[in-house]
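Chains here go by letter, A, B, C, D, E and F, matching the order in which they are written, and residues are numbered from 1 within each.
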Amino acid sequence: MTTVLYPGSFDPVHNGHVEIVETASQLFDHVIVAAMRNPQKSAGVLTLEEREQVLTETFEHLDNVSITMFSSLVVDLAQEMEADFIVKGLRAVSDFESELQMAQMNKAISGVHTIFLPSASEKSFLASRLINEIARYGGNVSSMVPPPALRVLREKFST
Amino acid sequence: MTTVLYPGSFDPVHNGHVEIVETASQLFDHVIVAAMRNPQKSAGVLTLEEREQVLTETFEHLDNVSITMFSSLVVDLAQEMEADFIVKGLRAVSDFESELQMAQMNKAISGVHTIFLPSASEKSFLASRLINEIARYGGNVSSMVPPPALRVLREKFST
Amino acid sequence: MTTVLYPGSFDPVHNGHVEIVETASQLFDHVIVAAMRNPQKSAGVLTLEEREQVLTETFEHLDNVSITMFSSLVVDLAQEMEADFIVKGLRAVSDFESELQMAQMNKAISGVHTIFLPSASEKSFLASRLINEIARYGGNVSSMVPPPALRVLREKFST
Amino acid sequence: MTTVLYPGSFDPVHNGHVEIVETASQLFDHVIVAAMRNPQKSAGVLTLEEREQVLTETFEHLDNVSITMFSSLVVDLAQEMEADFIVKGLRAVSDFESELQMAQMNKAISGVHTIFLPSASEKSFLASRLINEIARYGGNVSSMVPPPALRVLREKFST
Amino acid sequence: MTTVLYPGSFDPVHNGHVEIVETASQLFDHVIVAAMRNPQKSAGVLTLEEREQVLTETFEHLDNVSITMFSSLVVDLAQEMEADFIVKGLRAVSDFESELQMAQMNKAISGVHTIFLPSASEKSFLASRLINEIARYGGNVSSMVPPPALRVLREKFST
Amino acid sequence: MTTVLYPGSFDPVHNGHVEIVETASQLFDHVIVAAMRNPQKSAGVLTLEEREQVLTETFEHLDNVSITMFSSLVVDLAQEMEADFIVKGLRAVSDFESELQMAQMNKAISGVHTIFLPSASEKSFLASRLINEIARYGGNVSSMVPPPALRVLREKFST
């Protein structure tokens, strides 16, 4: 049985993330989606509780997907969860280099491998930061995020 | 008649920006240069009033160029101004990916297109952030910015 | 009135090209699609006559698009056709650098500008070379090329 | 049980390829290494028989790795072999874009997914083309290829 | 006699930096390693005094390497130190563009040249920011930094 | 005394190359410009004799520059010439990765280092292949190549 870990900020989860989870859910036996609480970064748009709630609703139709929160090194979580490897999405060249660097440092400190799933190109332009900026100004992001994330953004920015 | 919108921070406008505006002014009927007030970003080096003043003086020799300030989504401004499309400069690969991403999100939420003008390569190394850093330490940036921007930087950093 | 030149190999034209022409046709007054006969490159998959035929059928629904063939410098064609500027599509970083280099050399030898239109991301993975390779082995490329190109590829590779 | 397909030219297989196969062999149940006969490309340095022989010897210590040759679309081979997905190595940005494009076209025509394994960075500078060029001039490539490939290169270039 | 200046943040120095200094020390007569105090950036993990101490211990075995701190334009320091040129390491594409931009601005304001030394690829994944993040969570970074840096990180994060 | 080797095809030498040689001639004691005869590549536009003649005339004003031809591994030439290291120009991201790969393989097989000099950005769009293509069609390349190269291109293409 293959268990994979898919870590991220998910602030909020968008349709590019959803696609990666659906693909991983199809290719592997168990997918753990893990939202990271980063004490170094500023608070974020959604609280960690909101992210967990949104992720849970978004993936409740997929039996082999579970949700967790964490505030440790991702490789420590991978070992604790007995994940076989880490899964990341790859959209663009700018993603690629920092992801490769992180994958190699993670391998060096723990032996845990990272594999990459390419984004379907029609999702490759999505980015949580830009989605939040559009939502803040009242723009319509309903084609970019799953319904539970849209509901939270609307509450947040009263749009 | 073709009206184009050229948005940016212009903190301060530099010779790479000037070249894009001059090219757009030659290729299209009307060019609106729009300086964005970004409530998310920190205050900036020039105030919005200084940027407007510098832009106005810099482009007063071009009859078909007008200046505006805005604090909304750039696509909302484009529609309000009845611009046919947005114009952006392209210098380097690192520009390219984030600009392409923004262009595709803007197209998705509003139908407004973005076209790209390449920077002449001798201007492609200019960046407002680095110009401000050099000016702050008393370096000579007179070959990098138009005279009105140079005057404001000198006042600001007493150089 | 703005006339633009869209040069390429079009061996064969695919849906990414179609999208660029449709956008240019909407933004500018007249679009000239020009298929280049490159005496340095090997013969190609479609003959120049087939490319012209396929382009003509593909764009016959767009009144302001015309088709031409050429075997000269693209900037000489632009000047002969009285085009205001050259239009190119931009999909990926690898496109970007060689296109920027060509744009700057073309500007240097003739003064003719090049502007770039971004590909909609769901078309950005299309490439004539790969399409031909798939068609050669009997793969189904009907979602990648317009019907006239599909017909010619099927005749060519008897698929 | 997870079966993966690892296609390539392997002309010759080098230590970067070996590392990908060893990682895949550890992460998945069965790895099929498939050397492609490309009728479009020129003959290559090793014959297809030599590549098969070198691959077989190189991976005979890994029980769950098998070797095959093919001259069809890689997605057709994947389906024929009942592979769950295709595996590719990722070393550099230049790899990344063409690999992503191929992965998306393969997904579009067949539904077969591709996942990417990053190269350990000390192997990331290896390339069969450069190895052949060094060997041709009598340079020492013993740290770059597995022993069976070294033997064939030495016979070929009498070094 | 050739004197070169190698500027950086060194917060902390890691094995990728060490390799660049060792190569420069072998190729040129005198290497000045200069740690920059950046008043714009936030405080950093190591104090400037700690960085100086760590750099001094790390390079005390190299007779032609000296250490300095600075808080001015790097080109002003280069001229004051009578350095023949600036030396920078190059690891990845993302480094490359910003480094090239800085090199061209530095050349424009002062005439001082920058040359680039490529990182050995097994060091190319190291980055001070990620090393600090790993150390903060108690991960083992002993293979990534020289012993004096390791000692300071351990004191800092009590690991 | 520092001796550096600057290898290339120089088919023909252009103003971007000239700038690299002039910078190297200023920074180092002796610069050897070496034109490679590549038996794998097709014949080229200029003969090796023409390249040698053009290089000799182009750099006759620089006392510490000498010209040589070679058909061996560049690292073997570097060792035979007792060069301290190899010098290469860097213009664009696409250059960067293949140059870095070659630098790392050269270091691995011989211990010879490569350093990189950035092109001044106004020269960074020059490429011998495009210059030859423009000259072939009668375009004016006098701003792109030194006079001796221009004379040979004009004879060759009767322009």
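Definition applied: contacts are C-beta pairs under 8 Å (C-beta built on N, C-alpha and C of every residue); 3 or more make two chains touch, one makes a residue touch a chain.
No experiment lies behind these values; they were computed from the predicted model shown.
Colleague: For the copies subunit E and subunit F, give the interface type as same if over half of its residue numbers appear on both sides, and as different if under half do.
Modeller: same
Colleague: For the interfaces A-D and D-F, which has the higher count of C-beta pairs in contact?
Modeller: Between the chain pairs A-D and D-F, A-D carries more contacts.
Colleague: Can you compute the centre-to-centre distance for subunit A and subunit B, using the mean CA position of each chain? Integer Å is fine.
Modeller: A distance of 34 Å separates the two centres.
Colleague: In whole angstrom, what separates the CA-based centres of subunit B and subunit D?
Modeller: Computed value for the inter-centroid distance: 47 Å.
Colleague: Could you say which residues in subunit F touch two or more other chains, in rising order?
Modeller: Only 93-94, 97, 100, 104, 120-121, 125 qualify.
Colleague: Any idea which subunit F residues touch subunit E in the complex?
Modeller: Residues 2, 23, 27-28, 84-85, 90, 93, 96-97, 100, 103-104, 107, 113-118, 120-121.
Colleague: If we count contacts the way the header does, which residues on subunit E are in touch with subunit B in the complex?
Modeller: Result: residues 40, 72-73, 75-76, 93-94, 97-98, 100-102, 104-105, 108-110 of subunit E touch subunit B.
Colleague: Provide the residue numbers of subunit A that touch subunit B in the complex, in ascending order.
Modeller: Those residues of subunit A that touch subunit B are 92-94, 125-127, 130-131, 133-134, 136-141, 143-144.
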